[in-house]
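To keep things clear, I will list the structure first and then write my remarks on it.
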């Protein structure tokens, strides 16, 4: 009998992780962006690659778009393209960090004309959402300053509220705005939405359709991220995750690659707080495959999330609760770590096969010849990257 | 003519910084607490020492008490003692970290009996406030856990809310509760009030008489503290400061000693947000003089705050605003740093003398013979420290 | 057939982890040290407790002593006591942080009289080593300063060298000096041996019998510790480990409790660099069981090291090397993590039984009644702690 | 009489800070590089801009080049160009991070062909040094890995040594190699030269002409940089500084902008250790003016270093030493901070005028019309940036 009980499998079967279209394009650091064979040249090719991840894992049924990187003349057509490949279009991500106008801010800018431009961009994103059928508008702002005195940080906060209000007002009944926070980068002194507290205060001031997005790489060193997960779930404001991992700053490494135990603890609090397979809480990846292959990088990522979810679902809650109540620190920790240390991979492989999926999705993808084909076919054109 | 304009001097004259009684007792690290000659043996002697700081600086008219460290049979008598020395009794600090019962929490504890004990302690603190005429009850909680799994962090958050509600209900009309947050220590995995967001969410759920206390040493590495100051002022929830400074963790060094420019930026945002000499925002010290003399350590601290306030008041707001609006980053930074780099010490010395105070309060204290006297007199008894 | 090959088992059989006598006494933070039933009152009782750990795990054949905490009139007698319980006396740890004389330094102090006292203490420690048969003198210095300007940090470095030279000269042919570094605490501005570079430069200047001690909790946030392990092994200067774990500062939690994957990576580099079961590289614990039971805390610790060693020994080096050489980042990471994710616990349990040890050492200890006995017997006297 | 004594002025007059040619080109983050009017298109224009900094400050007589960014057909011609503008060519910086070949390392690469390419690049740099008359070859390596297991970090260290040996062997008698270390970025798991200890060990293994380069932005959070300055000076291995400042990671902000007191402490230790105006210790800037104007950014930078040097030279060493010897912590800190808090700007302005320089170099530059001229003239072509 499998170590994965039926109720665990039911949860795993329902699990869905959204992929970011931009993870299939090239990315890098300020020092260098390395190109790779087979990199998509347009949103259609990105979605085709994303569909490969879902094909072998059944974990990634939706793809997030980034505007303007993923602008197309006909979103209905893009939607049909996606659906023909077995995936749907998901969250729309706005971008107010690559126009020259935004050098000193976007929704927070001193100049009402720049704020207008930034707000209009978001309204356009909502228009696109209407066409793509997307529920969520994700806003991550690069707004901030590099030197003390450069900016009036209080005034910027007030303008942020006003700008968000206008965007919020445009949302449809079934649409949401999720506001992401980030500790630093690209701004190096102050960032206008630097922490969960700010994102919470700003979204609480907007209303129920505004939620917080937690990117696991966007915190100060040492931050207990699972505590924030717990708190936002408790406050009813955890709208979505951007999963990735880090050793230093916003390294955007594969989720679970830097500290697998942290991922386990995060998923445990998601489950504890009722956030697993809760439609209010979206699971997304936001990673950069700077040196590793992109499609396999995404496959590894969704499998990492699935494996840690399986482990977290194995925690013996009764035993844990008993140990907590008797303040048996070592026993509580043992019960907790026992689940983490259990190797769920054989049971997951077996379960995958029972569902008609490959036992080893990575192997299946690598053996499929897909990469060789796109490397051959995608010659010429401009490889997608953050610049385009 | 002084570089300090009359409006600046008016602000400086109104400035008041509360001293912590415990700063006059011995403190140290887990490795060693060094004793020193002249250390107070009881609250009366602590207040006498605190009064010395005010005598030479006119900056420290109130003294915060810590219960049970500063328990006395007759608070009216202690109050008269303080007033006879020219100071008043200030904030009451509760302590739920030194009883054996609190090993696994206090207001958040699983066991209702322990929560009862911790709540009752706070109710007793409010009784004391009634006698001392104190406005603020400051709550810093050591509650947390050391190992993942040890505690149900979500349940603890809910119990924290319930416990605080009962304490809050007991407050008089003119009394407040200020809830301090701390990144870590003494708990090493999770802390129940680890960040401003949690303190904000918890106090917002209580009501208007509950505010946040910001200790400048209680943040993750790299945190932009002045941003939090701005945000809490904007949200109307900045109740008080615990000033100190740090290079690494909660080092509790003299305020302004580790990064004077950071202190300048913090005070600048206080002014920008209307928090200077605003009765809603209390300035307090919370420091440990582990290796330096205690009374002079406190004198240096209040002078550091005064000097940085003077510098921050010198910022040319018109020039700064003009540079900000034209996005002249370097000019804005120059205007900002110009105030920071201005040596206000001679003008402050002159101004002190004009008010009948010593030009050099530190020198005046050192020359007064007070230390030699207490070192002689305070023989026998048990020197005050965190343990008593 | 076991997943643990014979060569792996041979390594595991040879593994030995030294226990710190002080882990069996009480410890805590500057806020509170909680006492616990059954805590040893003297070195004899500490060694008896340590022997329990070895009895159930066969992993901890030696016990490190701390002088003066473990001073006894007759070390030969203490040695016989230990040996009668199946363990030996190990490393001697000096202590120059709890005498009043050391408030401003010990081996680095400005005053030659204080340096004399500190050097003499180390010479006495070597005398004790001669009696206990210990090989290593471990030096961790609390020396440092709290405020810029307080100390002449260059002069202190030179004096450190001179003091160490005199101690080094006294070592017997088979004895060694290991110099531990620490990022901060109890000093909060500068520490005289803050990083591996300093410890390396100082020990290299002494000679071949001086080595570096790496405490896994003594680094800045984000430091890649396994890199330092690699480098010190490469330079032939890794003398010993002090194992523990941390989320924030020097939290001294159970090794492997905070980031098990980091422990895996460290052990992997130990193996890679020839440091496993190499007599030049001592494995020691240095932890504080502030809230958990002490003997089980040590049992958990040595089991954690054993389990991670087993996992690290499972890495398929051929496959890893092939992936590295072909720059297949994901495959290399997969091979590496595959070993980490393998659950070695059942195989270890079986192997233990085959050697006449309990399959579950923790369970066996808990069922033995030892704790209940010492809790009954050890009444009266002063419980051991850092103070005594 | 000036507060700046003659001996102080003599030191200040001798001070020279090397400018990086690349600071005059565009730079940014992975999110966006903003272009600016007047940006140089080639090395000749960069040097012309650098010469402006020296013209108004007399502080920046040399310009460092970056190869291949600053490759020209005729270095003798570039040298004459520089000298005609009153500056000299300085340090040559190699670049092994922008060729596709270096994706997985350069001097440390597994493939001997890639190592050959990287070594040859450095040999070419030394050829250029022969032509430009440069003394120093500065090596900063991006080499590292992003995922545990990806690389054999021990083997890389050995190959690094071998590669450096070959480069070292090619140095002329008056030439040096300075090896820079960096905590992280662009590699996000391990970096091959991550700390001063590694750079020290590697350069010590090469010989006397190999030194360490300390970039003030390349350390873990909380690192006491002045301690490293002290240690490297003591070990005779501090070859050069790359000055800049940071709040978070390698932010590359203007030196002295983030923490002026830290800059003061660093310069104080430079003076204490005999490193000021010592030809063995080169002062260089390495900054990115992402949002501020570039030439004024460099002017501000050299002035910040000059001002902090002046302040550090004002420390009353006798009083400081007396306070240190008597362990008067507060007095020692007061003497130290007294120098830091002294406003040297008026005295420096006066002194500049006495030397025929503008009292306010920034104002003089801004009023000169230079920027308007280059903004007009430099139309067309490709603006210099890290890419070219």
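Labels A, B, C and D are assigned to the chains in the order they are written; within every chain, residues are numbered from 1.
We take it that a residue touches a chain if its C-beta (ideal position, glycine included) is under 8 Å from a C-beta of that chain, and two chains touch if they have at least 3 such contacts.
Protein identities per chain, from UniProt: A, B, C, D = L-rhamnose isomerase.
Computed from a predicted model, the values in this text were never measured in an experiment.
Trainee: Could you run down the chains that neighbour chain A (L-rhamnose isomerase) and chain C (L-rhamnose isomerase) together?
Mentor: Both-contact set = B, D.
Trainee: So using the touch definition from the top, which pair is joined by more C-beta contacts, A-D or B-D?
Mentor: Pair with more contacting C-beta pairs, A-D versus B-D: A-D.
Trainee: I'd like to verify one number: the distance from the centre of chain A (L-rhamnose isomerase) to the centre of chain D (L-rhamnose isomerase), where each centre is the average of its C-alpha atoms, in whole angstrom.
Mentor: Their C-alpha centroids are separated by 38 Å.
Trainee: Could you please state the distance in Å, as a whole number, between where the Cα atoms of chain B (L-rhamnose isomerase) are centred and where those of chain D (L-rhamnose isomerase) are centred?
Mentor: 40
Trainee: Two or more other chains touching the same residue: where does that happen in chain C (L-rhamnose isomerase)?
Mentor: In chain C (L-rhamnose isomerase), 103-104, 145-148, 150, 183-184, 189, 221-222, 224, 247-248, 257, 261, 291-292, 329-330, 333, 337 touch at least two other chains.
Trainee: Quick check on the complex: what are the chain D (L-rhamnose isomerase) residues that touch chain A (L-rhamnose isomerase)?
Mentor: Chain D (L-rhamnose isomerase) reaches chain A (L-rhamnose isomerase) through residues 27-35, 97-98, 100, 103-104, 142, 145-148, 150, 183-186, 188-189, 221, 246-249, 251, 253-254, 257-258, 290-292, 386.
Trainee: Once bound in the complex, which stretches of chain D (L-rhamnose isomerase) touch chain B (L-rhamnose isomerase)?
Mentor: Touch list, chain D (L-rhamnose isomerase) to chain B (L-rhamnose isomerase): 221-222, 224, 247-248, 257, 259-262, 291-293, 296-297, 300, 307, 329-330, 333-334, 337, 340-343, 345, 362.
Trainee: Using the touch definition from the top, list the residues of chain C (L-rhamnose isomerase) that touch chain D (L-rhamnose isomerase) in their complex.
Mentor: Touching chain D (L-rhamnose isomerase): residues 103-104, 110, 145-154, 157-158, 183-184, 189-191, 194-198, 200-201, 219-224, 226-228, 230-231, 233-235, 261, 265, 269, 272-273, 320-321, 323-325, 327, 329-330, 332-333, 335-337 of chain C (L-rhamnose isomerase).
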